[in-house]
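What follows is a pair of complexes built around subunit A, which joins subunit B in one and subunit C in the other.
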Partner chain A sequence: MIVVHDPRGGRVAASPTLAARPPSLAGLRLGILDNGKEKADALLRRTAELLERDGASLTFARKPSFSRVAPPEAIDALKMCDIVVTGLGG
Partner chain B sequence: MLEFSSEAAAYEAFVTQHSDGLPVVLPTPERVERMLTGTREHPDDVVGLVYPSGNEATVRDVAVNAVMAGAEPRQLRLILAVLDAVLDERFNINGIQSTTHCAYPLVIVSGPLAFESGLSAGNNVLGNGLRGNLSVGRAVRLVLTNVGGGRPGETDMAVQGTSAKISFCVAERLDTGCFPSLAERQGGDASETSVTIMAADGPITVSDHRSATPERLLTNVADTLRHMGSLNAAAPGPAALLLAPQHARVIARAGWTVADIQRFLFETARNPLRRLHQGGEWDPVEPLYSIARFGDANDPDTLVPVLATPESLLVAVTGGDTGGFSAVVTSWPASMVLHRFVAHDGSYSKPARERIPA
Partner chain C sequence: MRDAVTLEALGIPTAIIVNDVFEPIAHATSALLRLPDDYVAKNVVWLPHPTSNLTDERAAALIDDRIDAIRDVLLGRTRVAALAPAVPRTGAPDRESLETARAIVHGLAESLRADGADLVLSDFAEGTLAGELRIGELTCDDGSCIMPTDALERMVEAMVRPKIASLRSVTLREIRLIPD
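And then the complex of A and B:
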């Protein structure tokens, strides 16, 4: 038997878990996070249109740079939502 | 700790799950303890959070990955200092690890500690065969892979990447007498050593055995710097010029300083708007910067620099004395160049202007 150190480190951040899928969108607050890449807004706005038809209300946030994490105000706005959809353009 | 039934089983698990794709040295407790003799930092001290996983890297975790990379204990102080900078929020390692671009930290070690730590600034400095350089760069790679969770196709979305992502570390020549070292230009004295990092493209070779004047030589460098495929062409930012000693001598003999090189290249490494309209990443609708800083936005002859300022160009003399081949390294824009000073005892510190007064 051989014992070696774990190269991933000892203290591991909690893994995020996905929320349960809602049975209906009626009355839910829908957040959209546009990563700022080309055409992401076209794809996501069309997605939002379809989801709004099912009764969700919309909050739209955009990352000013797709290479950086979303700004705090965008995160704060999305925290108020029940569901968030994001996607890559490019 | 991880337990395996045999050394062969451990080796197989490490090479397939905890590696950059190359064989690694197994981090046994004895090897890690020996590696930790290379620093006075406490093994449990946190160097930083490594994204995208967000896991903590302690000094011990770095030592474990340094063992795996084949590094020696005397290189740990450099590796820790590099990671202190790499994990600085402003460097944006989350973006670098996950971008579709090929970005990776270029490391320039400047000062006597480079050579005392077994690094080289001689022949093939960007290539194979130099264990110290490769081990330092690779230790950073393995921390990013193992602690940070940067995995190709899962979190590391680089389309092609670059071989520089395995290791990209050079030492600076201190013996040519051409210019003050990078560490000195950063405010240190000749006995001090700094590590400098830039989110980089792979290097591009600049061949020149004919130029006898700085102007002719640097015109060649400027043309390489302003190539349209680089993101510098779309957004002026930092870049590095790794100057061959033979080229450095051409420039220094004419009485030019590093500031002269930076100024000349800031002025000449430019693309006219007409060229930016013809190709590349420049976006005429939403340019990443204000053209008005450089001239009339409607004039196709307005010249746009690839360097944000003259000082945005890192200049370091490195490589063998056997010819006229320098390297230009352009950058990834959502980051910033950072450096740290490293002491002999393995402690490291931010540059004076970043230190918070006691």
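And then the complex of A and C:
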């Protein structure tokens, strides 16, 4: 008898949990995660400026490399935030 | 997108702003991470590519146009049709220009291969030259023997543009090759 094995492996990741959304931005702590690409700072600065007008206060973090996930210290800096905007560039 | 998912898992609603040229990668990453089918549609706000050559004023204007969409993501409001990628790609691939570009960067790719990396150009359409910087086992420990991807994009652009006037931008994906 020939046994054929499925080579694809059996690891199945759980679907990530997405956060509940707040009813408004007023009084929330806003985090900005800049991936360091060219012009990301200008685009995200303007985003922060406009969202601060909604009453959000600002924390800013920057990735050392856009091609890698954010280092633990960047995530730690954003943990205190209620909402985050991240990006961008190219 | 992985950072956004990390933050979402910590209970922090996260909006992602991305250049529309990366839409296929966004969908592929979403599928890989087993995110809901509508994750990209609901959480990504697109900007027309490229953005690296924008003036600060133009960058601000682009965000001004999209700030309501960013608010919608953060508040979980229903998205509007205007949030689709700003410039859908409709142009046909330009094979001849792609081959020309490959010939121009041949020597550069060879020097990268000597350091354990490679430059592979795969597409030229609507003025955008696309490819990959493949990073394998480098001859240096700290990665300093190869230039950063964005610097390489600029170098390729400077090399190719004199021969291909229609070139608008170069986009390279950085790919880390896992050793066998």
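Following the convention adopted for this analysis, the second predicted complex is superposed on the first by the 80 of 90 C-alpha atoms of A that agree within 3 Å, B and C clash if a C-alpha of one lies under 4 Å from a C-alpha of the other, contacts with A are read in each partner's own complex, and residues count from 1 in each chain.
Definition applied: contacts are C-beta pairs under 8 Å (C-beta built on N, C-alpha and C of every residue); 3 or more make two chains touch, one makes a residue touch a chain.
It should be emphasised that the depicted structure is a prediction, and the values quoted were computed from it without experimental measurement.
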Problem set entry | Partner chain(s) touched by A:47 [first = subunit B, second = subunit C, both, neither] | second
Exercise. In the superposed arrangement, which partner chain does A:23 touch: subunit B (first), subunit C (second), both, or neither?
Worked result: second
For this session: Check whether subunit B or subunit C contacts more residues of subunit A in the superposed model.
Result: C
Exercise. Does the superposition put A:7 against subunit B (first), subunit C (second), both, or neither?
Worked result: first
Exercise. Between subunit B (first) and subunit C (second), which does A:70 come into contact with in this model arrangement: first, second, both, or neither?
Worked result: second
Seminar exercise, completed: Interface residues of subunit A shared by subunit B and subunit C, listed 13, 65, 67, 69, 90
Exercise. What residues of subunit A sit close enough to touch subunit B in their complex?
Worked result: 1-13, 65, 67-69, 90
Problem set entry | For the subunit A and subunit C complex, residues of the former touching the latter | 13-25, 31, 33, 37-39, 42-44, 46-47, 50-51, 54, 63, 65-67, 69-70, 75, 78-79, 81-90
Problem set entry | Of subunit B, residues touching subunit A in the complex | 1-7, 9-10, 14, 18, 26-29, 32, 49-50, 53-58, 60-61, 64-65, 68, 92, 94-95, 99-100, 142, 146-147, 149, 332-334
Exercise. Given the complex with subunit A, which residues does subunit C contribute to the contact?
Worked result: 2-19, 21-22, 33-36, 39, 47, 49-54, 56, 59-60, 62-64, 67, 70-71, 74-76, 148-150, 169, 171, 174
